[in-house]
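Here come two complexes built around subunit A, the first alongside subunit B, the second alongside subunit C.
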Partner chain A sequence: MRRYVALLLAQFRVSAAAAMAYRANFVLEGLLSLVWIGLALLPLLVLFEQRESVNGWDASASLVVIGYFTSLRALLEGVVNPSLNDLIARIRTGELDYVLLKPVDAQIAVSASHYAPWKVVDLLGGIAIIVWALVRRGEMPTAGQLALGVMLFGAGAIAMYSLWIACAALSFRLVRLDNLMFLLSAVFDTARWPVHVFPGLWRVLFTFVVPIALITTFPAMGLLGTLTPLGALGTVGGSLVMLVLSRLAWRAAIRGYTSASS
Partner chain B sequence: MTSAPSRALRALPTLLRVGVAETVAYRAEFLVWILTSTQPLIMMGLWTAVARERPFEGYSSAMFVAYYLASLVVRQLTANWVAWQLMDEIRRGTLSMRLLRPVHPVFAYMAGHVAAIPFRAAVALPVAVVLLICSGGSTLTGSGLQVALLLPSLAFAWLISFGLMFAAGGLAFFMTDTSAVMNLYYGLFALFSGYLLPLDMLPGPLETLAAWLPFRFMLSVPVELMTRTLDGVRLAELLGGQLAWAVIATGLALGVWRAGLRRFEAVGT
Partner chain C sequence: MIDVRELTKHFRVHRRPPGFGAALRSLVRRRYEQVVAVEEVSFRIERGERVGFLGPNGAGKTTTLKMLAGLLHPTAGHVEVDGFVPARRDAAFLQRITLVMGQKSQLVWDLPPSETFALNRAMFDVPRAQFRETLDELTALLDLGTLLDKPARQLSLGERMKCELVAALLHRPTTLFLDEPTIGLDVSMQLAIREFVRAYNQRHGATVLLTSHYMDDVVALCPRVIVIDCGRIIHDGDLRGLVKATLPDKRVSFTLPAPLPDGDLERLGTLLVREGLRATLSVGERELPGVVSHVLGTLHGTDLAIEDPPLEDVLRDMFGKRRRAAAAESAP
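Right, the complex of A and B next:
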């Protein structure tokens, strides 16, 4: 266990050093992030300028979902995506062999091999949106709701990570990874909306097939105190099931891996 | 010695055949690209649900359906992934293969993507039929002129999209990490092309900004041709804007290409 913590820390140090070497880029990316957060709020503002609420979601509650979405996307673009991009390069060059030879679990070594540290700005931005939304709502969560909200944030992050790792595993044999990740990112973008604003068929799709409801809507409901105990259990259970499935997919992919090196 | 244009023209059938073969060979990848541009369906779900009880900013449910299905059709026909292709080939050095051929590479890339259009049309056509049936024509334009202008408008949209994507991909000549540029491009596109929401729903200043950016000419204009009734002046404005941006985008692509080639060192083997 301690070995893995040391490994992740070392990998983070290297990435942070690399990012700090390009300070201008670092600042630019941080500033751009702020602009993006603003633009991402736009459709929501357009919607709630005209309507009080849509299917039970008012502006403040929807803002909480956007806050969760922004924070999770920060994790996605700050850790998961850079690492998997790194994985593509390694599969292509055959360098993945060296990772597989190391005395650590390859999935863990690969999952956090690269970071984009400036995404911290997004993470903080997401949290700021949540706080703003709660103030706007005029009703602070109780300690229990806060704990549930934080815990389900973790569950959402696990669900998101599983989706991406499964996709990476699939791409070992099917298609090129960047392509598939691009599709996943496009779908993930809908996680900015509470799943209930979508009509029936879409809602089923986003809850069970591509479970983005698990990733943002339910955790946000946990924080808002509108999630049933069964819903909370389903979110945690669902994300764990996804983690196990993605682990199996990864193992199958590694078994089928034949090095690309000469 | 034949001139460059006639040489390119003679090579065209072969280039198209290669393009078709590539699309068929990488069909899984192609399918993923098609699925990527189905986002209008998601937005359609959202806004029709919102507008079910009463119209939203003048849009009824049926109008939202028409708008997003039309934009799905336009996006299928005009989107391309040349930026990713170009970046990949620059980074890996495989671009040098293209440089050896006696056809201008920009033209060769273009032909490759033109060859994919029939496959994309095969996806777009059923959607268009559904659109016709759903709306019963009531939310679509009845003007023959607009229908006639749709084809040139789509061609312009394709050219603008190709030119900008090519220029964006060509930035890989100058910088090692272009993902930030692509994120910026897609973000601006989603917002200012009418892909996420109809442009007249944007707040005032942003709507004005959208009128001057190239993105609306890539998507919103053909969609408007299909779903609105526009007067002559407006039509001339929109098509004129498309023509201007098509010229600028093509110039940009050629400019980036020419400047980039000087720096290209064919990394890799």
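Right, the complex of A and C next:
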């Protein structure tokens, strides 16, 4: 455990140092993050200008979902995506060999190998949106709701990570996987909306097949106090099942790794 | 100690003829072939030995090294390194070995090598005091000086390889798999790396298995060589034995006091090189004493040197004979 904490810290240090080696880039990316957050809010504000609520979701409740979405996207674009893009490149060049030669779990080592540190702006932005939404709502969550909201944020992060790791496991066989990653990112984008705004079949798809609902809608409902205990259990259980499945996919992929030739 | 018994690795590869039509057809129906990379290879290397692993491109050297390092799962056979089965990738096993690949890099491109070293220290859980001590030792042995603080992308190929070696050895492995560690380096850098490998082997009693296209590396470092061709071992023994068995003739070089027709020299042996007054002959072992006394006594030759043929020639001859034998066998 101590080794993994040291490893994650060392990787963060190296990655942050690499990012800061290009100072102008660092500042620009931070500013761009702010612009993106603003743009992400725009469709929601336009929609709720026209109507009070959509399928039971009003503007401030939907803003909480956007807050969750922005924070999780910060994790995705700040840690998961850079790391897995790096993994795909390493599989193609055979440099993954050097990861597999280390006495640490390769999945942990590659999952947090690269960071985009300026995404911390997005993470803070997401939290600010949630706070703003709660203030607008005029109703602060109880301590229990807050604890559930934080716990389900973790569950959502695990569910999202599992989807991406399963996709990365595929890249061992397919090697060129950029398009699948783009598709997954596009699907993830729907998580900015509460799952209930989608019509029937889509809602089923986003709850059970590509469980986007686990990532943002249910955690937001947890914070707002509208999630049933069964829903909370389902969110945690579902994310853990996804984690186990993605772990199995990863292990199968490592067993079949053929390494690029010298 | 490395124990390899009947190690085999087959790859399934997709084959298609060239051309757009074939590319289209391969979308619908793919043809796969089994490629034999390594076939029933067996050898044993004792602790502290330095062994050269030789063979033409595609012979199966790198595949074997990768199986020994636990990167590839063997199709069949048994491998044990220091009592561990590599494919299981036990942490204790990975702590004891290292694999250096001359064509691949583990240094973080945009940062100084010291950052990669710190990362490896965390991964191998090396105590800080030991890390400092090892780094100082390796820095001194490789004469790294200020290189540690230069971004990896600004290092020359030779400097980069030195840093790759440090990154690979910081956890003080006792088994070194070196795959072309001197590729692309100039002669002085090759020499430096070679001397370093020898010093590390002697200081730490480490086992070294080395592949290299530069025969000088192998001649200088490895008393024993294993030669592999088409996935099979065709020689395992000392270097002299290999040379003796394949090209037993010696090379005799000398300088003549005055010009002499080629014909006169060709009567003594096969004339290999003639540059002005300097000549090199290939002479059978039995004829050697007579030729030497003739060159020195009758021809008054000077600067006489007797050498084994270069390892390149020995291997070329060896692989050439095998190819011809295989072609003759498959001919109707």
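One rule holds for everything that comes next: the second predicted complex is superposed on the first by the 261 of 262 C-alpha atoms of A that agree within 3 Å, B and C clash if a C-alpha of one lies under 4 Å from a C-alpha of the other, contacts with A are read in each partner's own complex, and residues count from 1 in each chain.
Convention: contacts are C-beta pairs under 8 Å (C-beta built on N, C-alpha and C of every residue); 3 or more make two chains touch, one makes a residue touch a chain.
The shown structure was predicted, so the numbers you read here are calculated from the model rather than taken from an experiment.
**Q** Going by the contact rule set out at the top, does A:Leu39 touch subunit B (first), subunit C (second), both, or neither?
**A** After superposition on chain A, A:Leu39 lies in contact with subunit B alone.
**Q** Return first, second, both or neither, reflecting whether A:Leu7 touches subunit B, subunit C, both chains, or no partner chain.
**A** A:Leu7 sits against subunit C, while subunit B stays out of touch.
**Q** Looking at the overlay, what does A:Ala17 touch: subunit B (first), subunit C (second), both, or neither?
**A** After superposing on A, A:Ala17 lies in contact with subunit C but is clear of subunit B.
**Q** Based on the superposed arrangement, let me know which partner A:Val197 touches: subunit B (first), subunit C (second), both, or neither?
**A** In the superposed model, A:Val197 contacts subunit B only, not subunit C.
**Q** Touching A:Glu29, do we find subunit B (first), subunit C (second), both, or neither?
**A** A:Glu29 contacts subunit B only, not subunit C.
**Q** Now for A:Phe182: first (subunit B), second (subunit C), both, or neither, which partner does it touch?
**A** first
**Q** Considering only the contact definition stated at the top, list the common interface residues of subunit A for subunit B and subunit C.
**A** none
**Q** Okay, in this complex, where on subunit C does subunit A touch?
**A** Against subunit A, the touching part of subunit C is residues 11, 62, 66, 69-73, 89, 91-95, 97-99, 101-106, 108, 110-111, 115-116, 118-125, 151, 179-180.
**Q** So in the complex, which bits of subunit A are touching subunit C?
**A** 2-3, 6-7, 9-11, 13-14, 17-18, 21, 93-95, 97-98, 100-104, 109, 255, 257-259, 261-262
**Q** Can you check the complex and tell me which residues of subunit A touch subunit B?
**A** 29, 32, 36, 39, 42-43, 45-47, 50-51, 54-55, 85, 174-176, 178-180, 182-183, 186, 189-190, 193, 197-199, 201-202
**Q** Can you name the residues of subunit B that touch subunit A in the complex?
**A** Residue list for subunit B touching subunit A: 26, 28-29, 32-33, 35-36, 39, 42, 45-46, 48-50, 56-57, 84, 179-180, 184, 187, 191, 196-197, 201-203, 206.
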